[in-house]
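Have a look at the structure that comes next, please.
Lettered A, B and C in written order, each chain numbered from 1.
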Amino acid sequence: MGMWPMDWEMDHDSLISAGSALQKLRMYPYFDVAHYLLMCESVRADLGSSSLPFSRRHPFSCWLSSMLMCFAGGLLACFMLGEPVITPFRRHDDILLASLVWYGVFYSPFDIVHKLISLKLVKVVVSIAKEVQRTHKISHGVAYAAKLYPESYMVQVLVGVAKGAGSGVVKIVEQMKFQLVRGTWIPSQHEMLRPSFTTKACVVAALVFTLERNSMYVTAPHDLVYLVGISIFS
Amino acid sequence: MGMWPMDWEMDHDSLISAGSALQKLRMYPYFDVAHYLLMCESVRADLGSSSLPFSRRHPFSCWLSSMLMCFAGGLLACFMLGEPVITPFRRHDDILLASLVWYGVFYSPFDIVHKLISLKLVKVVVSIAKEVQRTHKISHGVAYAAKLYPESYMVQVLVGVAKGAGSGVVKIVEQMKFQLVRGTWIPSQHEMLRPSFTTKACVVAALVFTLERNSMYVTAPHDLVYLVGISIFS
Amino acid sequence: MGMWPMDWEMDHDSLISAGSALQKLRMYPYFDVAHYLLMCESVRADLGSSSLPFSRRHPFSCWLSSMLMCFAGGLLACFMLGEPVITPFRRHDDILLASLVWYGVFYSPFDIVHKLISLKLVKVVVSIAKEVQRTHKISHGVAYAAKLYPESYMVQVLVGVAKGAGSGVVKIVEQMKFQLVRGTWIPSQHEMLRPSFTTKACVVAALVFTLERNSMYVTAPHDLVYLVGISIFS
């Protein structure tokens, strides 16, 4: 018990270095792949049992839906900040990577990609990677908005949330589209009225990053905040 | 009868000075409060009998809907002019004021704010204040668009209308959302096909301000035009 | 048979000069009129049998729908590139011309404009003129996007498609609106899931123009490419 402060000190140090290491991770390509995988899988889930026939009959539409989901956060943030909404489509390697993932999810031989992700263990690993990427995006969104609007915390939080939870908003539109087409409209579990846990967690994370950046209440080292941000989601 | 021209002269003078006084009025905070009050009340009316339970179960969603309605004009005008749609959320005091009003309308003890506004007399006073604010917004919208596009009257009118009647457009989306969730879709009395009287009055007012600004047909003093603008709505 | 290469040579020359002539054609007013005519006719078709009573009861709403369809390509392209979406409404003569056409389609005495366009021959001529204008717009969209984003082919193709097939996207929203109001929702033949042949052709044309502009694979003279672009649609 007497060792506890020291223990904590050690933990503290190792936590900070873990946060620092996580922050310097390049998102491209591994973490981005995790994000794209989960987004394409969610499009596939939204399409329901008709997902494979649909992807064969309307590949272009399927691709567009997947791309909109994959780049939803960037699209929404650009729209909010008055930047060209086409910006996320500028980088060829991002689009290419997302397209490859989309192809894998919908057209892989023996449906192997989909079956692999459906495994519990793989799903957990991919989800953790995705949450690391989400924290990265929220942190970047807040930092970017803070550069443009240094005095407006509200805007910083909103852009952070848009970056992190943008796919939730685009998902509503997509689901509505699919359900209208199938003639079934089940408005039960969507983001519209009941922001999901993810969205709420994004609000908290964006708030934490914003407060930290404006060094008002959060005096912890940035690396630690970053790690906490990630652990909120994981 | 012989005194009539003089009478009119006096009226004219007093009207001009009234218009001038109205124009110099600061909108913040009293007139803005009137606008926010009516907008939050309209969100509450859209939610119908389930408004209070809804506001308890989904406070964040309720707050977001109210904010979207309160700042609808600015959002739409920014979208049209290619400026960041987040601009209306930049000023903290506006957001704070609107949030306070929202809190009052939905959560005040004994529902006192709602009951007060439901009184005929209070409603009339608040509505007049709101129309003064609306005229102010249309006039500013036209002036702002005229600075950016001095030669395009069409754009000036459109931006003026968006500023004044923006909440009507956002209201459609909100109503659709609420009704879809409740499983009832009554597409009877909405702005979509039948622009309301308010929207039409906004078109007229924006037209008058635009013509006056480009000094084509309207040679009346600006203050008088302003007063007429207000009286259109009141 | 030995003369074939020379024949082709002559054809080639005459094709190039035809393409060059077509490219220098001013779109305003004749080709634009063709486009506006078909767009207003399509709004009228969407309104179904109630189109004439509707246009009498809600002229402003009808006019707005028609304008949105007429300038859909420009609106979408502006939105994508982060420019003011109001830009297409800046030029008075465009708006005036489109309004005149709208007036003719909905209110002409004895419905003569509508009856004329319904004639097979007139329809073919108008459609060809419209496709010439469409090619012009795609080519300009690609060129404009290429100036802003010289290295991003994806963006150039997307903006080209938006310019050419933008009315298809706006049409969905309009149809949804009209059908919701009439209480009938027939989600059978719309652009949402099944991009029409036109949209696909736009993708091909935008792709061709983009590749040509970046001189990667298409080495044919620009005039020839232009002519091929037109003939894809006609």
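Note that a contact is a pair of C-beta atoms (placed from the backbone, for glycine too) under 8 Å apart; a residue touches a chain by one contact, two chains touch by 3 or more.
A quick map from chain label to UniProt name: A, B, C = Trimeric intracellular cation channel type B.
This one's a predicted model, so the numbers in the text were calculated from it and none came from an experiment.
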item: Cα superposition angle of chain B on its copy chain C, in degrees to the nearest 5; value: 120
item: Proportion of interface numbers common to chain A and chain C (over half same, under half different); value: different
item: Euclidean distance of C-alpha centroids - chain A vs chain C, Å; value: 37
item: Multi-partner residues of chain C (each touching 2 or more other chains); value: 82-83
item: Chain C to chain A touching residues, read off their complex; value: 79-83, 149, 152-155, 158-159, 185, 187, 192-195, 200, 203
item: Partner chain B, residues of chain C touching it in the complex; value: 58, 60-61, 78, 82-87, 89-92, 95, 177, 180-181, 183
